[in-house]
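Heads up, the thing below is written out as structure tokens.
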Amino acid sequence: MNPVSLQLFDVLLLLSIVGLAWASLASPDDRRSVILFMALGLLLALAWGRLLAPDVALAEAAIGAGLSGALLLAALREQPRREAPGATEAVAKRGSSRLQAMTQWVVTLLCAGLAGILGWVLMHIFAGTPLDRLTQAVSANLGVSGVSNPVTAVLLNFRGYDTLLELAVLLTAVLGILALGPGRAGYQPAGPIFDALARSLAPLLILVSAYLLWVGAHAPGGAFQAGATLAAAGVVLRLAGRQRIGLPPEGALRLVMTAGVGLFLAVGLSLLLMGRPFLGYPPAWAGALILVIESAAMLSIAATLVLAFIGGRLPAHGIPAAEPATTRREAITTAAAPERGGEEESGC
Amino acid sequence: MNWDAWLPLAIVASSLLPGLVIFFMREGSHGLRTVLNLTGAVLKLVLVGVMIWGVFHEHVYETRWTLAPGLDLVLHADTLSVLFVTLSTVLWLVTTVYAIGYLENAPHRSRFFGFFSLCVSATVGLALAGNMFTFVIFYELLTLATYPLVAHRGTPEAVRGARIYLAYTLGGGAVLLLGAVWLQVIAGPVTFVEGGILDRLPVEVHPQLRVIFLLMLIGLGVKAALVPLHGWLPQAMVAPAPVSALLHAVAVVKAGAFGIVRLVYDVYGVHFAGQLGLLAVLGTAAAITIIYGSVMALFQDNLKKRLAYSTVSQVSYIALGTAILGPLGTIGGVVHLVHQGVMKITMFFSAGNYAETLGIHKVSEMNGVGRRMPATTLAFSVAALGMIGIPPVAGFVSKWYLGLGAIEAGMAGWVMPVLIASSVLNAAYFLPILYRAWFRTAAPAWPAEHIAAGRFETSGSLLWPPVVTAMLALAAGLFAAAPYSPLEWAILIAQREYAL
Amino acid sequence: MSDTLIWLVAIPLAGALTTLLLPRIADAVVMAAGLATAIAAGTLLYGVGTQGAMIYEIGGWSAGLGIALRADGLSALLLMMIALVMLPASVYSRTYFSKAAERARFWPLWLLLWTALNALLLSGDLFNLYVTLELLGLGAVALAALGGGRAAVEAALRYLLVGLLGSMMFLAGVSLIYAGYGTLDMTALARIVEPGPVAGTALAMMTAGLLLKSALFPLHFWLPPAHGSAPAPVSAVLSALVVKAAFYLVLRLWLEVFADAVTPAAANLLGVLGAGAVLWGSWRALRAERLKLLAAYSTVAQLGYLFLFFPLLQALPPGPARELAVGGLVLLALTHGFAKAGLFLAIGIVQHHSGHDTIRELDGTAQRLPATTFAMALGGVALIGLPPSGAFLGKWQLLAGAVATGQWLWAAVTLIGSLLAAAYIFRVLGHAFGHQAYPNRAVTVASEEWPALLLTTMAAVVLGLAGAPVWRLLENGL
Amino acid sequence: MLTAQLLYALTGCLIMALGLRTALLHASLLRRVVAINVMGTGVFMILLAIAYRGPELAPDPVPHALVLTGIVVAVSATALALALARRLNAEHADE
């Protein structure tokens, strides 16, 4: 593309992004808002590609648009008709409408001012001499990082500690979710067409995620994209009415959830005990170690995201996926009873 | 560290540690509690004896502990602190004996004696404070330790009285704190040195020093019950009698007066304070308080309230003595610190005895009580006569020196009328009590006779404390010229202050 | 020795994973991990005291390309406080959550929170700080929601959304820094940062996010419900440690990294907000009907004092007077940490034994729960700032700074705030000491009562009498 | 100065402000969660614009890594927020 058409593309893309963002935020209906937000994610993935950030584009498509959207849609399904009284609405409705209008104006002005100042400062920065920032340092050390994709090198080697803590964030979130009580009861078993689709889609997604994981060492991809894709397989199965969607039983599930942080930490500490710095991989093993860590991280991420989608603890007894559809529905209702008990218990 | 560095700390600890232990004791273990209390009190007395001897022979006793750069916790024994420490220690022992009898079978005794010991520890710490920072710490601790004692009964009036007490004293504490911090910012660590340390500061800060003095005077004046900061004192009367005795004679009111003495003599220096015109302010406040307190006392029928207003008036003699420039005035003020304490505690013990034994709370109920309780009433009478200033009781000595000091300083023109007016008023509110007690015939029944007359007029541990303290008040007057008497010690203080 | 830095993060994190995998021995694991972390914190404090500031470059990559952990006197002191608060609180939680199933949910989150706190205090990298802030925020929310019931969940949700807004503002500021200076390492940044629009805007954005998280008035609205409805040990660490972590970052940024870019007007703005927090928080605490809400509003007020130091430090020239003030600030923060943690634990005991925490109905508490009442009184002494608490020394320095720089307004706010604090504390004590004719002596377990007593004693006595080393440790920093 | 870089950065600022505004003003919980996500997107766009160094030069990988981390953190927080909201709805329904 020539520069002019490229710029035209930029402008059009950005205009649609801003438009979608606005539409999603200002839509009168929550459902529309969520769907527009998912669409926004897809456009953003395009924009990230345009900014030469394919790793981020993949993650955005899988997580930003895909899983976040799925989470939001699932939440929407349970939203009461009218917003429940209390909480936020009460706060917003308090005071006279005049005061409310004034608040709106003040906040709008503040936000506009914030955008203006931020933009001005960025303009100021970009107008100066271009900074090399850390590009040089990364490429100089890429050779000993164990991978050739610089983003993976930063994520799992140079700034591996960030990623370790990020996995801990993910674990914290899912533990918080599990502590809140049992998950959603699950979906009605799907009709034969969707069921068949799910049956074929899931293995495909699993395959894609394995590929993404492997390719991350030298090309766009990596644990997060792979984990999200794997989680997508779970979500699809879940939507098709599978209960446990291949998640292992309680104890093993905990093992999978902690595998990412655990292995990462174990590698770091082992190196420390061997006299190297924490997470200081020997260059010769770096590639292998990173792959091991990433595999564990992928499993953890996938399990975590699926549990987040379920929104709570799994039913106590797993239901084999192959069970006939008729008995399955009964199983759901019987599983629901102990769940109530569990909720009360967690309330104390 | 050698023994000299430990002695001041040991004196504080001898009541602090028993106090802390008592807190966590079971309510029922009376015997052990009494043993602990008395052991602590006697031990403290012995340690103070050592200290008196040492300070007289110019030994230096100092405990120093750094809390922050430039902020040292200093316990230091000088002549003035020894005087106050001795007073507190002796009276604490007596009051403990009294309280054991007074609170027999009352609830929450562990709590009471715990705070009681803390209160004395704070007073002794305040007496031994070697700099302003340490003084402020113990001044606030004293507030903390006395609040539960005032609120002890837990009745609505007690809680209300305690709340008022707290509001006044914490407010005063905040003002004092501001003054102390300000002074330290200007002058560095404010060590108590005889003759003061501030006269070497440049002239430009003099206006600030005046404001600081006023701030600190307000802060100290709350506890010393200077008018118009005295409002809490009559309210705090709801406390049990031993607490009132301690509050009025030893701990709270005296802490304020002692602070004023410290402020004038050992921070500003009496000459420098005079130069800044601050003594006149102090003298005026004292004079107003003396007259106002006496007048208010006239109108109280409640015995403890009358005594309370009498305290308002009497404690300001100390401030008055401080405001009189010259050694004789100093002697009069400082010696009254002791004399007022001994006399006033006698009166509160007696008042407590009337209430505990016969249920008498009002002056109008005291007709003929002298025949029913002769020893108590005799003790009360000795103290009352001393307050009026009739020789040979201790109060006379104080007033004599105050008068001499006023003449020496050329302030007789206004000090003498104040002294005379106050003495007349003292007579006017005390003599009618004595008249009723001794010469009126008793009503057919006492308001509520709790303790029947037996071998003694009341239980032993209630009877002996006022008798002992009355004898002390008498002795302090009779043997004023004996070595180690309060007067001799006050003369020693004046000599060192004025570098005579 | 510098390995200690990474162990301080690794031990609680490993502990969290172990409790999750082996719930049967979780109690023992928590105690072991807690003790080990406390020992590590002690080692670090000793090391910083003897050898000065420490750095640990993770992965062996130099700071900038990689992430460096750093510890100086300030962070070592706060890490020690965290350990000394978390450890007794862990013992307390063991009794507080009586069912094993509750504890199985609680322990992993608890240790993750500890990990987050340590990681935040040690991090020397701006983006890593964003991650630790999120870890801390999500951990705190998850724990706060454990209270169950509508109030707790609602408060936790608001807490989460506010925290996310704060983190996003912080991240936006970090982006500007990376754009303008090309580094995320705070030490490197401190060397090259210069006053100007980039530094100013970035600092403003990051500070706005952090103020939201540290609940500075008027951004405090989320704190009282969240701290007031969480389980007692959680409230304790939220009030004592979590908000303080955000405050610590503000301190780092303003006094160290962006010291040159801070203007007096900006410092005064923080002072004004701090004054508002002191007065409003104290007033609301005085009006509170429940003990926990009182304690939560008291946290709002106490954080205000810390912000009052900013205009003073801005006006004081480098030298002994400023060092005194910095020490006072840190000591005040430490004292509040211990006092508030102890107070919340004590309130938890009261709530457990009387079934409520309504202040008006506390009469007889002193008879039923003497040790707990004593703990509340000690905590109260420290919150008011009476001697011999560490807060007394802190407030002394606050007043001294205000007087020395002629900023009388802050002195007045400090004194008024202290008197209001006395009013709300003694309101509680007045009720607690109120007489009840036939009190039942409650049956308490020692492991329930001593943590509160220990923490408040630490605040009201130990820090006041043995706080001098704080100044020595801070000599070379800030 | 690269026009594209500036264009994306400014758009990022705008989106961030839009998200912030809705997060502060909107009553619906779900919408606030969406808004915070939109706000995050704005910040990510700023970061990626900073990383962009024109079509010829390879972009700076560090902001890419930061954004990847940011995305995962954002989805974690979103999941927790939605779970809390779900629990809150259940509590309301119980009354």
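Going in written order, the chains are labelled A, B, C and D, and every chain counts its residues from 1.
In this section, a residue touches a chain if its C-beta (ideal position, glycine included) is under 8 Å from a C-beta of that chain, and two chains touch if they have at least 3 such contacts.
Owing to the predicted nature of the structure, the values given are computational and were not obtained by experimental measurement.
Chains that touch both chain A and chain C are the following: D. Chain centres were defined as the mean of their Cα atoms; on that basis the chain farthest from chain A turns out to be B. Taking the mean of all protein C-alpha atoms as the reference point, the chain centroid lying nearest to it belongs to C.
The centroid of the Cα atoms in chain B and the matching centroid in chain C are 42 Å apart. Separating the CA-averaged centres of chain C and chain D is a span of 28 Å.
We define each chain's centre as the mean of its Cα atoms; on that basis chain A and chain D are separated by 12 Å.
Each chain gets a centre from the mean of its Cα atoms; for chain B and chain D, those two points are 69 Å apart.
Under the contact definition stated at the top, the residues of chain C that touch 2 or more other chains are 127, 131, 134, 138, 141-142, 145, 149-150, 153-154, 157, 172, 178-179. Taken residue by residue, chain B touches two or more other chains at no position, since every residue touches fewer. In chain D, the residues that reach two or more other chains under the touch definition are 16, 20, 24, 29, 32-33, 46, 50, 62, 66, 69, 73, 76-77, 80, 84-85, 87-88, 92.
The touch graph of the protein chains shown belongs to none of the named shapes.
By the contact rule set out at the top, the touching chain pairs are A-C, A-D, B-C, C-D.
Those residues of chain C lying in contact with chain A across their complex are 3, 6, 10, 13-14, 17, 20-21, 56-61, 64-67, 99, 101-102, 105-106, 108-109, 112, 115-116, 119, 127-128, 131-132, 134-135, 138-139, 141-142, 145-146, 148-150, 153-154, 157-158, 172, 176, 178-183, 197-198, 201-202, 205. Of all residues in chain D, those touching chain A in their complex are 1-11, 13-22, 24-35, 37-38, 41, 44-46, 48-53, 55, 58-62, 64-69, 71-80, 82-90, 92-93. Only residues 86-87, 117-118, 120-122, 124-126, 131-134, 137-138, 141, 157-162, 165-166, 168-169, 171-173, 175-176, 178-180, 254-255, 257-258, 261-262, 265, 268-269, 272, 276-281, 345-348 of chain A touch chain C when the two sit together in their complex.
Considering their complex, residues 16, 20, 23-24, 29, 32-33, 36, 39-40, 43, 46-47, 50, 62-63, 66, 69-70, 73, 76-77, 80-81, 84-85, 87-88, 91-92, 95 of chain D touch chain C.
Residues of chain A that touch chain D in their complex: 6-7, 10-11, 14, 17-18, 21-22, 24-26, 30, 33-34, 37, 40, 44, 47-48, 50-53, 55-56, 59-60, 63-64, 67-68, 71-72, 74-76, 78-80, 83-89, 91-93, 103-104, 107-108, 111-112, 114-116, 118-119, 122-123, 126-127, 130, 133-135, 138-139, 150-151, 153-155, 159, 162-163, 166, 169-170, 172-174, 176-177, 180-181, 222, 224, 301, 304-305, 308-309, 311-312, 343.
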